[in-house]
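Same chain, two partners: subunit A is paired with subunit B first, then with subunit C.
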Partner chain A sequence: MKKLFAVALGVLTAIGGFVDIGDLVTNAVVGSRFGMSLAWVVVVGVLGICVFAEMSGRVAAVSGRATFDLVRERLGPRVGLANLFASMAVTLLTFTAEIGGVALALELATSVNELLWVPVAGVAIWLVLWRVRFSEVENIFGLMGLALIVFAVAVWQLGPDWGDLWAQASSPKPPAEENWGTYSYYAVALFGAAMTPYEVFFFSSGGVEEHWKTDDLATMRSNVFVGFPLGGMLSLAIAASTTLVLLPVGVQVDTLGQVALPVAVALGKIGLAVALLGFFAATFGAACETGLSVGYSLAQYFGWQWGKFVRPRQAARFHLVLLLSTILGIAVLLTTVDPIKVTEYSVVFSAVALPLTYFPILVVANDPDYMGEHVNGRLANGLGTVYLVLVLVASMAAIPLMLVTKAGQ
Partner chain B sequence: MARAVVVLAAVAILGGCVTPVTGAGTYRAKALSSVQAAISETETTRITLQGVERGRIFGPTADVIVTGNETALGSIAATLGSVQPPAGNDRIRDETSQLLSDAEDAVAAARIAVRRSDAAGIRDALTEVQKVTKQLERAEQALVSGPS
Partner chain C sequence: MDGTVAGRRYDAALNLLDRQIIDPDGGLVANVDDLELTERDDGRLVVTALLVGPGVLGPRLGGRLGHWTVAVWRRLCAEENPKPGRIDAADISRIDSGVHLAARPDDRGVDGLERWVDEHLIGRIPGATHEPE
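== the complex of A and B ==
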């Protein structure tokens, strides 16, 4: 019974914790411009994150060490440093976007300007990172994030022509008023949003925080293979809601308020309140995950004591990194940069950094010295190799597409 | 060599200060994208006002959305206004700028009514926003269909 509860809780928090500011914004933008014609990218991206999250979770459970704890040891300091720079830069950018997302969610609920909420949100996130237990952070915000199911309810309530939505989803080409350049740019952005590097940092380090053993592999796999795809369904529901309400009248999403509008149209104030709660939970939870991921990656590279499973005093440098990252995120947002723009750039740069994140995972998961009998099988290696090619293509295409399309304009 | 580098640097820096002179087709495309962006903002305001009228959106949320639309319209107008129109395109510039200004005024009225929770003001603003959206849609059609 206890095991079943752990599995159910893990799956639910995986669903609720799947969507972050990048998924919220990118799926809403894509739905309002391209309808459901990019839904296939979400499916491809979710399968990809499942493949690599399972690998990194398995590494953590078998070796008792986070994947990136092993990268420098296995691949040497140069590859480790390249991996650290690329992944940490993108994760810091994502962390900044998440803090901005919390501020925007609070602004929507109160109409107090987001710039006044930014320091409040930043301090609250830092306090949670410092004081609250890892499992509590994961469970509370993961469960609260389930509020985003309201988008699926809104889509059902709007009474769409399901045949038309399916026709759009099964027709992977840009609508008449868009071109292949912007379509490809948003395909890469959506792929980057689904496969954000911090998700594997967090998943793998979280496994060590929670002392996973090989007995926990089944629970970990159920979280990944049930929770993540259901979380991906929330992404599709967000895209479908803007497809139904905003696309027909020519509204292109550029604020978080526009993301919430279809829910208000379909379900009124109660639905809107639940959506705002979902925005807050998704961004706050993801801010904690990205903040921790910055600390994890730096501490693991330099071999410092890290994690929330020890007292802050014992992992002083790790907690100092969390504090400095939070201050940096707040400072960037207080320059009045638009958090939505930060989000849009963060998902594209995520795509650029993908190979440096995922290649080392594939190498470590194939090393019998670390993995023993749990080394990658043919299926994991086959899928891993296919996805490595995909992330390479996305990575190489991201910057040229950004320049050619003027960031998707 | 050093002098050539200085000259090239000066050209690059000063080039950034000059408002670009564009061709007629490019200017028309810029005007079209401005009009389309403006429609996106006025339609967002319309949906929000209808939501407020029907009691489906909280006042603070509506305030944030409509204020964002107003700010965005100001930015769209400023961006188009800073572009040097080629000779013979003054009419496009004048008409588009006027429409963008009307849209900003209509959305500003909506923002004022929403902040005051003024039901009559919201109804009036909704009418104005719908009217200006129709004008923007007509302008969009004209810009798509060819030279004026």
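== the complex of A and C ==
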């Protein structure tokens, strides 16, 4: 019974914790411009994150070592350091976007300007990182994030022509008013949003935080293979909701309020309130995860003590990194930069940085020295290799597409 | 450069370099940034210590960045000719995915920055000593 409860809780938090500001914004933008014609990218991206999260979780459970620990071991200090700088820059950008997302959610709920909320949100996030237990952060925000199911309810309430939605989803080409350039650009952005590198840093370090052993592999797999795809369904529901409400009237999403609009149309004020709660939980939870990921990657490269399983004084350098990153995130947002723009760039740069994270994981998951009998099987390697090719293509295409399409305009 | 610890042979570059060093309580100490090799009478090289810190990581990074790393480290150290953190190879108890030590290292060069940050910054924030679980 206790075991069943643990598995259920893990799956539920995996669903609720799957969506972050990048998924919210990118899926809503894509739905409002391309309908469901890019839904296949979400499906491909979710399977990809499942494959690599399982691998990195398995490496963490078997070897007790998290991702960045192994990046340096496999790539050497020099290439490892270049990898660290690039990954950290992207994760910091994502962290900034998440703090901005929390502030925007609070602005929508209170009508108090987002810039006034930024310092409050930043301090609250830091306090959680400083004081709250790791498992509590995961459970509270994961469960609260389930509020985003309201998007699926909204889609159902809007009573769509399911045949038409399916027709859009099964014809992967841009609608009449868009071209292949912007279509490909948003395909890369959606892929980056689904496979954001911080997710595997966080997932593998979280496994070490919670002292996973090989007995926990089954629980970990159920979280990944049940929780993540269901979380991906929420992404699709967000895209479907803007497809139904905003695409027909030609409104393009460029604020968080517009992301929530279809829910308000379908379910009224109560629905809107639930959606805002979901936004808050998803962005706050992801802010904690990305903030920790910055600390994890830096500490693991240098071999510093890290993690929330020890007292802050015992991981002083790690906690200093968390503090400085939060200050940096707040400072960037206070320049009055638009958090939605920060989000859009963060998912594209995530796509650029993908191979840096995924290549070393694939290598280590094949190393019998670390993994013993738990090395990758044929299926994991087959999928891993296919995804490595996809990730390389997305990474190389991202910046040229951004320049050609003027960031999707 | 093969050596024997606890009856098993290890490749120094593959099994030691860049690995996590772990103290007897499971605490994370540092990464192995370099190795101290000593020539034995028969001409073979043996690993006599694990070296840690920017002073030895810098040269392995190479180029201008490596040069600067060492220069900054030298300038920040109090001594005239600072030495990198050193952990004697005799203290290694076990090598698996990490390098496990039999005793907690007491060399200030190993965790000087951690102690400084703890004493001057993190340790002063309320709640810094609260139990994690």
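The rule is simple: the second predicted complex is superposed on the first by the 409 of 409 C-alpha atoms of A that agree within 3 Å, B and C clash if a C-alpha of one lies under 4 Å from a C-alpha of the other, contacts with A are read in each partner's own complex, and residues count from 1 in each chain.
The rule is simple: a contact is a pair of C-beta atoms (placed from the backbone, for glycine too) under 8 Å apart; a residue touches a chain by one contact, two chains touch by 3 or more.
Small disclaimer: the values here were computed from a predicted structure and weren't measured.
In the superposed model, A:Arg65 lies in contact with subunit C only, and not with subunit B. Of the two partner chains, subunit C is the only one that A:Pro77 touches; subunit B does not reach it. Contacts of A:Leu12 after superposition on the shared chain: neither subunit B nor subunit C is touched. In the superposition on chain A, contact is made by A:Tyr370 with subunit C only, not with subunit B. Looking at the shared chain after the overlay, A:Val251 reaches subunit B, while subunit C stays out of its contact range. Within the superposed three-chain model, A:Gln314 lies in touch with subunit C and out of touch with subunit B [touch as defined at top]. Looking at the superposed arrangement, the partner reaching more residues of subunit A, out of subunit B and subunit C, is C. When the two structures are aligned on the shared chain, A:Gln409 is found in touch with subunit B, with no touch to subunit C. In the superposition on chain A, A:Ala187 contacts neither subunit B nor subunit C. For the contact definition in use here, the subunit B contact set and the subunit C contact set of subunit A share no residue.
Residues of subunit C that touch subunit A in their complex: 17-21, 27-33, 52, 57, 60-62, 65, 96-98, 113-115, 117-118, 121-123, 125, 127-133.
Those residues of subunit A whose C-beta lies close enough to touch subunit C in the complex are 63-65, 69, 72-73, 76-78, 80-81, 130-131, 133, 299, 301-306, 308-314, 316-317, 319-320, 370.
Every residue of subunit B that touches subunit A in the complex is listed here, in rising order: 33, 36-37, 39-40, 43-44, 46-48, 51, 54-61, 63-65, 68, 72. Across the complex, subunit A meets subunit B through its residues 107-111, 245-246, 249-252, 254-255, 257-258, 260-261, 264-265, 268-269, 272-273, 276, 409.
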